[in-house]
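Per-chain residue numbering starts at 1, and chain names A, B, C and D are given in the order in which the chains are listed.
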Amino acid sequence: MLKIGLLGCGRIGQVHARSIASIDGATVTAVADAFATAAQSLAAGTGAKVLDSDALICSPDVDAVVIGTPTDTHYDLIHQAAAAGKAIFCEKPVDMSADRIRDCIKVVETAGVPFMTAFNRRFDPNFANIHARIAAGEIGDVELVTILSRDPTPPPISYIKGSGGLFRDMMIHDLDMARFLMGEEPTTVYAVGSALVDPAIGDAGDVDTAAVTLTTASGKICQISNSRRATYGYDQRVEVHGSRGLLRAENMLENTVEVADQNGFRKAPALNFFLERYEAAYRAEMTYFAAQIQAGDAPKPGIIDGLRAQILADAAAQSLAEGVPIQV
Amino acid sequence: MLKIGLLGCGRIGQVHARSIASIDGATVTAVADAFATAAQSLAAGTGAKVLDSDALICSPDVDAVVIGTPTDTHYDLIHQAAAAGKAIFCEKPVDMSADRIRDCIKVVETAGVPFMTAFNRRFDPNFANIHARIAAGEIGDVELVTILSRDPTPPPISYIKGSGGLFRDMMIHDLDMARFLMGEEPTTVYAVGSALVDPAIGDAGDVDTAAVTLTTASGKICQISNSRRATYGYDQRVEVHGSRGLLRAENMLENTVEVADQNGFRKAPALNFFLERYEAAYRAEMTYFAAQIQAGDAPKPGIIDGLRAQILADAAAQSLAEGVPIQV
Amino acid sequence: MLKIGLLGCGRIGQVHARSIASIDGATVTAVADAFATAAQSLAAGTGAKVLDSDALICSPDVDAVVIGTPTDTHYDLIHQAAAAGKAIFCEKPVDMSADRIRDCIKVVETAGVPFMTAFNRRFDPNFANIHARIAAGEIGDVELVTILSRDPTPPPISYIKGSGGLFRDMMIHDLDMARFLMGEEPTTVYAVGSALVDPAIGDAGDVDTAAVTLTTASGKICQISNSRRATYGYDQRVEVHGSRGLLRAENMLENTVEVADQNGFRKAPALNFFLERYEAAYRAEMTYFAAQIQAGDAPKPGIIDGLRAQILADAAAQSLAEGVPIQV
Amino acid sequence: MLKIGLLGCGRIGQVHARSIASIDGATVTAVADAFATAAQSLAAGTGAKVLDSDALICSPDVDAVVIGTPTDTHYDLIHQAAAAGKAIFCEKPVDMSADRIRDCIKVVETAGVPFMTAFNRRFDPNFANIHARIAAGEIGDVELVTILSRDPTPPPISYIKGSGGLFRDMMIHDLDMARFLMGEEPTTVYAVGSALVDPAIGDAGDVDTAAVTLTTASGKICQISNSRRATYGYDQRVEVHGSRGLLRAENMLENTVEVADQNGFRKAPALNFFLERYEAAYRAEMTYFAAQIQAGDAPKPGIIDGLRAQILADAAAQSLAEGVPIQV
């Protein structure tokens, strides 16, 4: 039984708690949150103890920590957990600064603790299926990757201001997906972007509509586009053009019902809420993490993947600012 | 060059004239119609002579006749054309009376002339594809056939009154399709029906909504349903469940465009007009007819197929009237 | 908190236990099973007591019983539970005999206890969506209902022999769905059937491929077809043709991925296992049951719906045996 | 009756001849080709005269010329036809050099003759439908355009060498489509590309896999990707993300048939041959051209659209060569 301590009892912490409850070989033994009531509320339905984060990390009843606290606290918690020899599951981004992630890599490697960066989309059954079929050679060599990702509605301006910008906050998932599907590191990054959804986002120094082009040394190409608004639900599509065929994942719709009338044939909107859209992915990533730790195997994506995605996001932001492609 | 005489220059005659114009080895040499202006108008764009039907049938410039006149004239024209030794392409139904079709079979067989009953849907690229793949064994043995067929709007009551009823006028296409796809003769026919679209259709002694069940000696089953009204276009679907898989043909839509908004994902309506929906089928059946005649091979479906479909339609009408399944 | 006693701890009992665990206002307080280990195993993960069925039904810690035992035990358990004043949730079929269901109705009505027949498909999000939209008038009057239902593989012959036959065991779900979607009682039932999947099923006196036609007093028509085998997964489709449009539910596929190559565009098979396919339905029906009981409202479908579906299944079996439509 | 002279009787000339034959108000009166047999063969089925190109352009029996000759002859033919006061329909590209197109614009404007550049895809029923619905405001403001365009197989290396490169030969269609759908001129062009399909294409100095990003002054973004190979047919997709919704056109498949078996649900490949895929577009563009000329209205896209697409293709080639975005 893997004993897990939960750092952060907000929305994502609750998701992870539910996932762990559904896993046979894992259990939440302790929880911590800056807001005591959040921690108490999450612990209530379980046998978990409410501790402060220092005590949780040092507890002998904790084998692994799940870090779901605000991004700016990750750095210290990773340092503490590594020092305490705990396995670490950390929400993305590991940190807003690539240099600080490099610091974390050092302490994690020195301590020799397992570390998983929570790029949950790799565990989405659709995208994981595409990845597995590429690996099995079903479409030959990967040549062109197209990722279309649109949020239903923009977050509040207050969130935007502290988010690190669209590339680091939203597109980072797609940048990781690009690496996951291309199987080769991007070497150039070119970004364009506009504030078309809400001028206030532009006033805040960010964009809400953006496109990035990545290339690799061997000539693979990836195009990503993002919008902070989609009237038809949470739009999450991926396609991979290979030498022998095409693999693509369509959106998950609310149901399978179609109505036909004089206006044509109409299906339901896409699932709108990210927790519902990626429900299976959240469960699968935690199941995988627990299994890897118990088997003594290193989980993937690791902390290095967290760093590489951050470097790509930084390069995209720089490309947008300077108007030229950036070498990485 | 196959020289074709066109009997009937109405809507369907014009369709056949256009098809023949697109075939390299065939040409319309003569046309006839009770309305002289219809014949003249159709001949105008071509080098065809306008004749009366007797003269057309006897003309040495005519190798084959295409009969697209009103149903009650088919019987005499078939007799004349057979006597004149012409190949015959005849619109469905061959006749409203199975006994009179049997008479026609006798004269056609005695004369030894080729005869094709124009069940155009067998030549639709989608349904023909299903038939070919069944024949190739792709889904193993045929077990269950489902045919959904709905007209966009009911014809005028005046037409209904002289139509022979839904089973002989509309469902006869589906009954032929059932025979085509099952590859075995139905032995029982059970029909139900209602006038739900327009009570005036009920007052005229007909139904506008109907369902038929067919079974064969080996136990294959076919379900057909018809409606005289579909708000979303001309609904023409077929599916065949076999021991190794399923084959199904979806509707042909007006275009491939999809719009997505808060109401979901919407495609275009189905093609609404039968001449457009079955444009390729009309061309293919005439191309096939011309090729078979020129090669000296018997065209299919033959006059016997016209008879068998009519017998099934008669049985369906009787089943509806009597409330019991009919053996055929 | 609704205190639920679980009668039967087999596969379906476990499904219901998981559903109840996910419901905020309900809990399993006691479980019973003829096999003590099954009951102990299910109780282990919860605070539920293991009791024998008599004790469970009489327990003051039980407000409602969920009956998931073999069909031939339902009759006695319903009588006992009604006498004990417990709300009853009973798996379908209520009983194999319509007369015995009528007996159950009497005791349930006399006792005045709430009773829900577990036709789970009514709670499938897709079919429930169709029902709600019909009720909202989205497609006008219902005219033609088409239900295609195919199991992935036939059950063992030993199961077939005790199943009551395809109509009572498998099609009963579709017969209930027909009533649910037509909103009017069928008055005639006509059935055909064959043993095409496995001759041993025919030797056992049953069919594995069948079709039923239902009609109502107002002229609505429903066609159902069943097969005990589908190579492409668990095939569960429904469509409703109404005066203003068509509503249809497509299969739920394993994922949203499509591969394209020289053979065309290929999507995943349909979900294959009924517990996975109807996972959401099982959870929704139990959530609904608990909510209705706690609100003091009568749950639906009730015991009368269990009776009516059974009467239709009996009529289908009689129709197949006699070769004629049966009035109900 | 619009009298049309056909310059060039190769594959595309024959397509235009067939289109004109199907138009009521237009006829081919004269044809010319450097290969006399090609001209004679095309004229054979019609009443058209075979002339040399000088005579054809000056013929009083010619109101409009259709230029379907090799690209390097367009310049002189346009000059001659403009001087002769003929309406001009010219295949794309107008010329390989933007400067020479500017010369052509001068003579066309000076002569005041109507000129249409044959960007046939604007007349594809699917893409035209998207354009019309954008114009009608159905999806609000255009924000992100995604164009995926893949040829079934690469052309011979000999063709590649004289083609002007992928951007001028293949992507020029997509660059015009981008302008058509964005409704605003691109101001920056960034291109990447590789030779992944065939190294010989790289050896010839070209790429076979490429992606372009366009931006406009108001912040609209367009991503285009091309490959010279697609195993699943001729891949031609477009989608437009707007402030109120998404419009997208899927591929046209060979038929509507789907097979289901243990491998899932499989549809037919995409139409493979460009003349078949764009058959309707070729007919529609010529019908439109004839109608505009007869009505005295200027046809669109005009010669300026030919220039602007060429400028974008030149910019893309330059961007690829220099590794930076190009301002246009």
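Here, contacts are C-beta pairs under 8 Å (C-beta built on N, C-alpha and C of every residue); 3 or more make two chains touch, one makes a residue touch a chain.
This one's a predicted model, so the numbers in the text were calculated from it and none came from an experiment.
When you average the Cα atoms of each chain and compare centres, the chain farthest from subunit D turns out to be C. The chain pair with more C-beta contacts between its two chains, of A-D and A-B, is A-D.
The distance from the centre of subunit A to the centre of subunit D, each centre being the mean of the chain's C-alpha atoms, comes to 42 Å.
In this assembly, the C-alpha centroid of subunit A lies 57 Å from the C-alpha centroid of subunit B.
Residue positions of subunit B with contacts to 2 or more other chains are 230-232, 244-246, 254, 260-262, 268. Residues 125-126, 129-130, 133, 138-139, 244-252, 254-262, 268 of subunit B are the ones that touch subunit D when the two sit in their complex.
Those residues of subunit B lying in contact with subunit C across their complex are 141, 143-144, 146, 148, 150, 188, 190, 192-197, 209-211, 213, 215, 218-221, 223, 225, 227, 229-232, 235, 241, 243-246, 323-325.
On the side of subunit D, the complex with subunit C involves touching residues 231-232, 253-254, 260-270.
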